[in-house]
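Here's the structure we're looking at; comments come further down.
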Amino acid sequence: MRFSRSRSLKLALVMTAAALAVAACGGSSSGSGSSAGSDTSITIGWAQTPDNVDPALTGAQTVESLDVNIFQTLIWATPSGALTPDLATSWSVSGDGKTYTFNLRKGVIFQDGTPFNAAAVVANFNFITAKTTQSVSAIASLGTCLSATATGTYTVQVHCASPYASLLANLATPVTSMQSAQAIKKYGSNIQFHLVGTGPFEFVKYVPNQSLVIKRWDKFNWAPAALHQNGPAKAAQLTFDFVPNNGSRISELESNQAQIIEQTPTVYYVRFQHSSTFKDLAVPIGGMGIFMPFDVNRFPTNDTAVRQAISYYVDRSAAIKTSLQGAFPALTTPLQQGILGYSADVPQYSFDPAKGDQALTADGWKKVGGVWTKGGRPLALVLNALSTDPEYPLIIQAVQSQLNSQGIKASIVTNPVTPWENLNASGGMSMTVLEFANSDPAQMLQWYVPGQYFQKWTKVNNPALSKLLNAGQTATSETARTADYLAAQKIIMTEAYEIPFHVNEDLLTYSSKISGIEYEGGGNDFFYQAH
Amino acid sequence: MTAPAAAAAPVLDVRNLHTSFRRGRGVIKIVRGVSFRVGRSASVGLVGESGSGKSLTALSVMGLIEKPGFIAEGQILLNGRDLVGMPAAELSKIQGRELAMVFQEPTAALNPLYHVGKQVAEAIRAHQDVSQADALDQARKLFELVGIADAGHVLRQYPHQLSGGMCQRVTIATALANEPGLLILDEPTTALDTTIQAQILDVVGELRTRLETAIVFVSHDISVVAEMCDELVVMYGGQVMESGRMDLVIGSPKHPYTQGLIGSALSVSGGSGRLESIPGEVPDPQGMPPGCPFAPRCSHAMPQCATAPPLAALPDGRTVACWLY
Amino acid sequence: MDEPLLAGGALPLEVAVVALPDDKPATRRSQLLRQKNFLAGVVLLCIVIIPVLLGPVVSSVGPDVQNPALSFLPPSLGHLMGTDQYGRSIWARVVYGGRYTIGASLAVVVLGGIAGTALGLVAGYLRGTVGFIIMRAVDLLLAFPGILLALGVTAILGPSLVNAVIAVAIVAVPLYARIVEGAAREVANLPYVRAAKALGSGPGHIIWRHILPGALPGIIVQTTVYLGIAALWIASLGFLGLGVQPPTPEWGQMVSDGQASLSIAWWAVVFPGAFLAAFVVGVSLIGDALRDRLNPTGAGT
Amino acid sequence: MVIYAGKRLAALIVLLIGIAILVFLMLQLIPGSPVTALLGQSATNPAAVAKLTNELGLNRPLPVQFWRWLEDAVRGNFGYSYNNQQPVSALLAQNLPSTVELAGAGLLISLVGGIALGVVGAVRRNTAADSVSMGIAMTLVALPSFWLGLVLILAFAVALPWFPVVGGTSLRGLVLPAFTLGLGVLGITGRFVRSSLLEAMHSPHVAAARAKGLGRRTVFVKHVARNAVLPVLTIVGLQVGSLLSGTVLVEVVFSRPGIGRLLVQSILSKDYATVQATVLIIAGFYAVTNLVVDLLYPLLDPRVGGT
């Protein structure tokens, strides 16, 4: 039920040269080394409709989960967040942080028989950066590093205009997949109907708005070492049916027309937990989770004590139970686990009405007729909910009733995308709720640094915070970045600029006859071993 | 009313015909006990105001009453065979062959989608086992018979390309296609303008003399009928008011209604089908008075008229339904 | 004569009766028949509208009250139409939701009716260039399939209930304008209207006293016919997310909400849709009856 | 006939230009600059804004802009969908066939069923069979198609798994969507067929045909049904519009590809170039269908076309 996932990602990408990084790669792989192929043909009910399945062009995150089965990237991110070899066997960074050198894996061929080499990498960089390509996500993930040159048959140099710390992590995301140079030349912007990669599945057919069909490629024998598996994929064929309609997706699964569906509605997800026919899998989606940012300019949320009190008054678990069947774990930190800089060691607000009362009283608020009041003005909030996903109005309703019971006059407005955004930016709301999916901690910048897109909603202007977030963006060492982002999160939580709400997960359900579904840190499902 | 009058066996013998309509749970009686005969080669005029039941009588004879209409009672003997209750398949062998009909609105009576020749041929082939080409050839001859000048050309015309008079000639040709013994003409000239009316009447008159077809001429216009027919049946309120030889009835009408009809025909020629000289209106079939239907408008009305007068036979062979006689 | 009718006969009742001096019986008969339809329509509408009007009287809980403990209860005496995922009463939501669907449809015919009638009157009374331009614009709008036009307008205005009402009302404008223009054109030519004009009656007076009453039957029929269509389209836009925004319980929006849990709780989808269908059937029955009564030249059913 | 066809064709061209003007103006009516509207999320990129402003010639007078837009549209260039990362023409090409397939199947169902209902109603008029068939017709018209689709899925794809929930391109997958689309239209066709047949039955030429002694079946086929085809043809032309725009809901419910669903997606994501093109294509298709009906008319009715 997260229709807004691709949207929030897109927003992010448009606004900045966003840093995408694959963090933890949780694995549920069966781990069996057997590479015996089966005749299994699996249909997957896919919730999001791709814009364009060409990885270089797409602006929709959902495409990454499709392409990861066809293509490979230079770098593979392991479950612990380490960047390990995939099509690049090793790499180094120059002292000024502006030049990266990659040594490429030998003996890899594309599905059209052409070899993978430095020329192919250069062709991909040129394709992504060409104006005619109109790349969205891929070009954003390259940041300032827009050119590549071959320095040998199997060595490539990437040049950045300025240091760009997120590059390596971004080269592990499927939008920077390596495509066949021959296919690029032959099909150009029409390549989405002729995808050619080096991955475990080869392209069969793509019908926009309907389905993508891929089949096992038997020559595949160069899986990233970190997977501890090699050889051809297990399933003979995968069909991704694009079914945005939740009910239809469920029906497809229940009638066995699909064996796997993604974005299972929570109500079914909870039911299937007790089922023997179906199994559930929660795939973590990197980013800031589902959270509620405040407008810190608007009365009364311009008052830190008020924001802190509200943070204490919100009972996440109860609200998640009411609105989402308790399908998601509560989130108490700005960054989710698995993102660089995540730490539980930041101030947290667990449900504690007494502390909330205390914060308000200390700040001069008094309860008059059951309503908190200060200087004759009641503590009244406008909660703005995005209506295009039914989940948001329901979360807001649950929170509203919790706040009302604590003496806060909270009212709700629901709006479709554009009016919702406009109201947020124009100071018409106290608080809203949304998800923000992204794999790099740099994303916080957009919310809390003046001049950034979403800062227009929060209106946070805290020089110390801005300084930390800017430093994290350009620092080259991972330890330095980790320290910067931890410090930034401490400020965010102390000032209570937002209420983290619940962990963002893609709820996957599959027939219990299927096994071997994997995913990588960005939330991309990977069906290499599925059968 | 079974007293034999004409010497030879009649072509058509309508006996006590009742035609009604079902409406909801009720029944509306429109034709209420009509009897008349048509002798071989005879011509009978059926006259009355609109609503008198004359057209419905004609349609009943033609076997064209459809649900919710039905023939409640009576017999229609055509050459001695009763058409009432005859199975549809058998009836359709008689329709168009032994009796045929010419309708009020010549243009509407032709299907706009087919050449007129085809429509005549259709009538021929319904009863004769001939090829389409032969049927069309016969149709051309029929067209010539009814005075269509450029018959070969008209065959391939659509109704909308022909004038009303021409269409009526076509429908007459259609009716004559199988040389029926009886031809019913239902207001054949009402929809046409006066000069064309005269032409059509000439055609019918001429045909009468050339073919030995008996004719029932239905009209609201007694002057037209007087010219065309030898015998007259005057209808009102679904019943026969008076009948008999044309010259006798015209010469000395007995029934006050007949008198009124003739009087109005003298004062207004042609007309709307409504009688200016008789005050009042034709009664609603649902509100038909008991007894003589004409009584409410009759200047001679008397208490006795509340019971229906029997159809009395006069010495000169006429019949009249009025207490005056 | 008793066998079922296959081919048309010479004198089906209607023709026979036309030949009669007074065709009252025909009208009376069709009135009688239509009366049944009319009554059925009224009964259906009452079944739908009375609970909607009563609202809180027939539903003890509000439409938005969530209660996780009552999630997905099937229909029972306690929960007439069952509950949804969040334990909200479907009965309460159907009853309150009707206010949005029906209210919006009424707003559509009022808005579209007034605008279309005004344009039609102006075009029919003034004729000339103004009338010509208005009527060509009307023709142009009629060249778009209705719901497509509504979608196009929604695309411009953005999704919301008010905008959906405006969009569907815009589709209605040319329909009204055409009917009213026809009637106005006819009436404007009648001798007594021309006489009134010659006597110096102002256009306002003539339009109000002479032309509008002549167009009224057409307007009334159009309104009943379009009311049902408007309800369907408002709900359709709600279903597509282009009308009412959740959690507002509009019927189309409710169906959209409920489809996610269709195989668990059919009642969350079936009841709002059934109420909508009943409303539309009721309105159509009444519309048919009115059309037959007010517009005897119409083709009937 | 040639004059008639020429006149109809000229009228169509005028109508198409009118439709194009309206669709073009749509973009002008959207609050804010058309460039921002077209670029959507990419509107923050000044280079893209400048490029598109130049491309659209927005500094020129409106009629010039319209003419350029029309020229492009006629050549099949409807602009670029930033939301789908593809030229709009490519999107249309991908989605149009399945919509035509669905609308065609829906038309077939509505015709077969509508004629059956209408014939029953007319032939058994004023009987119980008539009331039942017309009751069915009226109910079908009133059923919301999005709801009917869900109920059909529940019944015939989930409870009784006869048909797939998500059809794809298979014929079996077409059944439920086509019925959902066709049933609503079927009701209208049924009522119209009935009244056309009744009207044809009551024309005097039918009585005249029976008076010739033709059999009931012959009379029905040649003099009733044949004549009723004409008005029915007109309504079928009009219904192509309902069918095409009805695909909007059906394609969404059944997750089928098609321009209806494309339209909804584009409206929701404010992808105006695609909205414009889709509306233009559907309205244009509708206008052309009605031209075809107009041109068929003289072939079926000698009164039209003036030979």
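Just so it is clear, A, B, C and D label the chains in written order, and each chain counts residues from 1 on its own.
Keep this in mind: a contact is a pair of C-beta atoms (placed from the backbone, for glycine too) under 8 Å apart; a residue touches a chain by one contact, two chains touch by 3 or more.
Fair warning: this is a prediction, and the values are worked out from it, not measured in the lab.
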item: Chain whose average C-alpha position is farthest from subunit A's own; value: B
item: Innermost chain, where centres are averages of C-alpha coordinates; value: D
item: Most extensive contact between chains (C-beta pair count); value: C-D
item: Distance from subunit D to subunit A - Cα centre to Cα centre, in angstrom; value: 40
item: Distance from the mean Cα position of subunit B to that of subunit A, given in whole angstrom; value: 90
item: Centroid distance [mean C-alpha coordinates] between subunit D and subunit B, Å; value: 51
item: Subunit A and subunit C, separation of their C-alpha mean positions in angstrom; value: 46
item: Residues of subunit B touching at least two other chains; value: 59, 62, 64, 68, 88
item: Residues within subunit A bordering two or more other chains; value: 245, 247-248, 251, 254, 388, 416, 418
item: Subunit C residues counted as touching two or more neighbouring chains; value: 4-5, 8-12, 159, 241, 259, 262-263
item: Of subunit D, residues touching subunit C in the complex; value: 15, 18-19, 22-23, 26, 29-30, 123-126, 134, 138-139, 141-148, 150-151, 153-154, 158, 191, 194-195, 199-204, 206-207, 209-211, 216-217, 219-220, 223-224, 241-242, 244-246, 248-249, 252-253, 263-264, 266-268, 272, 275, 279, 282-283, 286-287
item: Residues of subunit D touching subunit B in the complex; value: 126, 203-205, 207-216, 222-223, 226-227, 300-303
item: Of subunit A, residues touching subunit C in the complex; value: 1, 245-248, 250-251, 254, 265, 267-268, 271, 321-323, 325, 387-388, 390, 393-394, 397-398, 401, 414-416, 418-419
item: Residues of subunit A touching subunit D in the complex; value: 10-11, 14-15, 45, 49, 51-52, 54, 57-59, 134, 136, 189-190, 192, 207-211, 241-245, 247-248, 251-252, 254-255, 257-258, 388, 416-418
item: Residue ranges of subunit C in contact with subunit D within the complex; value: 4-12, 14-15, 33, 136, 139-141, 143-148, 151-152, 154-156, 159, 228, 232, 235-236, 239-242, 252, 255-256, 259, 262-263, 266, 269-270, 272-273, 276-277, 280-281, 284-285, 288, 299-301
